[in-house]
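Consider the two complexes below, in which subunit A is the common component and subunit B and subunit C are the respective partners.
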Partner chain A sequence: MTAYLESLAVLCAIAAILASSLDLVLGFAGIFSVAHAVFFGIGAYAASLVALHLTASLAFALAVAMAAGAGAGLLLAVPALRVREEYFVVASLGFQVVATTVFEQWQAVTGGIGGLTGIPPPTVAGLKVESYAGMAALSVLLAGAVLAGLRALVRSRLGRALQALNQDEVAAQAAGHNPVTLRTLAVVVSCSLASVGGVIYAFFSSFVNPESFTLDESVRVMVMVIMGGAGTTAGPLLGALFVTLFPALLSFLTIPDQFLGPIQRLAYGLIVVVLMVYEPDGMVGLARRLRRLRALAPAGKPGESTA
Partner chain B sequence: MKAQLEISSLSKAFGGNAVLDRVDLEVAACAVSAVIGPNGAGKTTLFNAISGFVPPDRGQITLEGVELVGMPPHRIAELGVGRTFQNLRLFPRLTVLENVLVALDRTERRQSRRRRQVQARALLERAGVSASPDTFASDLSFAEQKFVSLARALACGHRILLLDEPGSGLDPPSLERMYALVRSLAAEGRTILLIEHNLDVVRELAERVVFLDRGRALARGTPAQVFASPEAANSYFGGEPEP
Partner chain C sequence: MSLLLQLLVNGVALGGLYALVAVGFALIYGSTRVFHFAHGSAYLLAAYSYYWALAVAGTAWPIALVAATVVATLFGLAVERWVYRPMRGGRQSFLTVFVASFGVFVAVENAVLLAFGSRFYTLPSSLSRVFELGPVVVSPVDLLSIAGSAVLLILLHLFLTRTGTGLALRAMADNPELLNGVGLDRNRYARIAFALGSALSAPAAVLASYVAGLTPGMGSSAMLIALAATIVGGVGSLAGAALGALLLGVAENVGIWRLPANWREAIAFAVLLVFLLVRPSGVLGAARR
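Right after this comes the complex of A and B.
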């Protein structure tokens, strides 16, 4: 049971990294990308290759993966951000399809459909992290660092410029901001951070294959952001926790296995549609609404004492 | 008087429809100049051409000798061209302070964060914004938003300020505030070019006026001279209605 909870903690940490990094582009910069799983995958493959052929050092794997993620992000952003914004979604979709094919077919590097196996546990400062508990602690720490970094970034002048650009591009340009540079930077940072999730995933599962980095996964991450509340810091974290833990909760109910998948997908779809229509700010928006209601409640019921 | 901004034979057509037709304009340094004209005269297109949002088909725009045509809007802003918009275009989900900081983040990027904050507050005070700097821009009244947008334009317009209908939507007390602000800016050496429908505003503020109609500069001079010119009189004071 403990191992189960520890592995859930790792999965939550990965989901939090993916959702929060996607929110930098989706929520703050207003760029819709459906290729986030690609950068998750690039991080995972980079870390696996480093660990299998060079060193199991976590720091080294992180450096290589983040550089690879940033490079791939640049590859997507530079051509795609020069066309009109709406086309970025299409470009990212194309990028996702191409990347999935590369993951599946580039046998020599990715191991093809079979993937890469036997990835050794990571070492941190020379110490091997083998236990589930160690991995869970490491993942949560890394997720904390990524989230703290993103929070600082959003509050910096880069974050402010991205929000300005998203709210009024013309006014942002008139204030001296170059939209192409800003958006490219946001995509590159976001992709680089997403690859951190891939590093954790590779070391945790000691096995990677293309199945984990498909369009389905990209959509799942997008659902986390929208469900939690795009353009907020708490939202993607809440969404990530919900989407990761919801299947675990379902498994406690006595639902036959073959219905679990469809039920999950139906529930996500339904929740996203309902939120999009009634609460575009997601769970964070709902929480704000509840807080406001609670603040109003004593005044609203004159008969009741608040003491 | 030295010209800060020189525009020569600027032309722009949208779909065969000439919006600016060989417009010449010299904007004097350290003074308030105005472009007037009826709807569709090309006033806003002129502003959009100066600030880089609309590439002209022909002609030059030089700021202190530097050619602006072909430069992207953010580069022109960096050169010290600040502008406001008729529909304000504030960042609604940023605070009042952040709206000004967005511009200072570029123009004063070598300054410390703390220094930029101080400058932003000073600009808001200068523009007479009384609302708390931490209020969201969208929560302010129209007049207050207008003064925030002026503060934001001030943050990048150290060479020239382009004010798009600074008087529209303001009640008489706010108009007086705006006059005082623009006058004090000109007095301290800012170059200001404004476009306006409201001739009272032009009379109050401008030293030089150009009358633009259907893309052509038809009259120029002091406000009194231009208002008395047959072209402007015809358009503004009861000429034949346009077909």
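Right after this comes the complex of A and C.
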């Protein structure tokens, strides 16, 4: 049971890293990417290759994975500068499909469909982290660092320039911001941070295969951001926790195994639809609405505070 | 050389089916601006309805085809009424609609999975038996795909250009506000676009089931191709979507002439990426970003 909770903590940390880093481009820079799982995958493959062939040092794996993620991010930045909105959604979709095929077919590097196995546990400052508890602590620490870094970035001059660009490109340009540099930087940072999630995933599961980095995963991350509330700090975190923990909650119900997966996903799909129809600002919007109701309650008729 | 010709014929047959799905998507997207990702669900539901009517209920194929078309159409009308219409005109952005649509898609795929299981179904038929036609080998399904999609696309074209309703639909694509201005009900035309677009995916789903069988994942691959074709062809142009679909079908088939078959989907999307970078407005698209 503890092992189960600890592994859930690792999965939540990974989801939080993916959702928050995607929100940098999606919520703050207005670049609608459905290719985030590609960078998650690149981080995981890079860490696995380093751990299998060079060293199990976490710091080294992180450095290599983030560099690889940033490099691949440059590829995605090219269409991001050319096309916007629905066109970019489809461009990133194309990027995702091509990358999935490369993961599956590039036997020599990715191990093809079978993937890479036998990844050793990571070492931190010479110490081997083997236990689930150690892995959970490490993941939560890394997620905390990524989230704090993103928060600082969004509040910096650079982050504000990015939001200005998203709201009014002409005005932002007139204020001296260069859209090409800013957008490229946002995409590269976002992709590089997503690969941190991949590093944790590779060390935690000790094997990686292309199944974890498909379009489904990309859309799942996007759903976390939109469901939670794009362009906020709390939103992606809430969305990540909900999307990761929700199936775990349902698995406590007594449903026959072969129906459990489809029922989980059916319920998840329906919740997403209902939330989007009634509260397009996501869970953050929902919380805001509740807070407003509570603030109004003393002034309103008694007993109607939860209406 | 005859191999290349063969791949070309296969490509056109496949592209014809893609075209029906893509044109349906483009019709819905063009006239309502809803990025209807769940369009693939209409396709999925049509395929399984046809299978159920034919193999489980034991009806004749024309009745099964009608049933499939009715189910797809009703699905389109239902999501328009219960999901997209409540979302219209609020704070909803492009992304919220996309995510809601994706939610519908996931729900439908898993409902089908619960009802039919994940096993692979095939349709028993002589329709997929191949024969030689001149230098190439074809099956009746291939010929039906080419002829059927051509006829349906021509009928759609006539409908859109020769009838008042078709004209209103095209006007809505150009300027939705205008429609209200001349006293036409936007909701009514949105309904027509969804009904028509969803219905078009039914024959494609049925024919594709004869070729490749049925799995719950078939909706998502059809949807991806339809999206790609719409963008390659140029958003807002139905002819462009049809042409884009044909191009992708041919590119997939000719591509595997030189590359392993596993690269099919990647080839289609590589073509898409090149198009987006070189000509973002598509083959026939108007010059807009």
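The working rule: the second predicted complex is superposed on the first by the 296 of 307 C-alpha atoms of A that agree within 3 Å, B and C clash if a C-alpha of one lies under 4 Å from a C-alpha of the other, contacts with A are read in each partner's own complex, and residues count from 1 in each chain.
By our rule, contacts are C-beta pairs under 8 Å (C-beta built on N, C-alpha and C of every residue); 3 or more make two chains touch, one makes a residue touch a chain.
It should be emphasised that the depicted structure is a prediction, and the values quoted were computed from it without experimental measurement.
Novice: Is A:Arg157 touching the first partner subunit B, the second partner subunit C, both, or neither of them?
Specialist: first
Novice: Identify the partner contact of A:Leu26: answer first if only subunit B is touched, second if only subunit C is, both if each is, neither if none is.
Specialist: Only subunit C is touched by A:Leu26; subunit B is not.
Novice: With the two structures laid over each other on chain A, which partner does A:Glu104 touch: subunit B (first), subunit C (second), both, or neither?
Specialist: second
Novice: Quick one: classify A:Pro280 as touching subunit B (first), subunit C (second), both or neither.
Specialist: A:Pro280 sits against subunit C, while subunit B stays out of touch.
Novice: Which chain makes contact with more of the residues of subunit A, subunit B or else subunit C?
Specialist: So, of the two partners, C touches more residues of subunit A.
Novice: Check the residue A:Ala174 against both partner chains and state whether it touches subunit B (first), subunit C (second), both, or neither.
Specialist: Only subunit B is touched by A:Ala174; subunit C is not.
Novice: Name the residues of subunit A shared by its contacts with subunit B and its contacts with subunit C.
Specialist: Overlap of subunit B and subunit C footprints on subunit A: empty.
Novice: Quick one: in the complex, what on subunit B touches subunit A?
Specialist: Residue list for subunit B touching subunit A: 51-53, 72-74, 77-78, 82-83, 85, 89-94, 98, 101-103, 105-107, 109, 113, 152, 155-156.
Novice: In their shared complex, at which residues does subunit A touch subunit B?
Specialist: Residues in contact with subunit B: 157, 160-161, 163-164, 167-168, 170-179.
Novice: Which residues of subunit C touch subunit A once you look at their complex with the stated criterion?
Specialist: 35, 83, 86-87, 90-100, 102-111, 113-114, 117, 220, 224, 227-228, 231, 235, 260, 262-263, 265-266, 268-270, 272-273, 276-277, 280, 289
Novice: Taking the complex as given, what residues does subunit A use to touch subunit C?
Specialist: It is residues 26, 32, 78-79, 82-87, 89-91, 93-95, 97-98, 100-102, 104-105, 215, 219, 222-223, 226-227, 230, 258-259, 261-263, 265-266, 268-273, 276-278, 280-281 of subunit A that touch subunit C.
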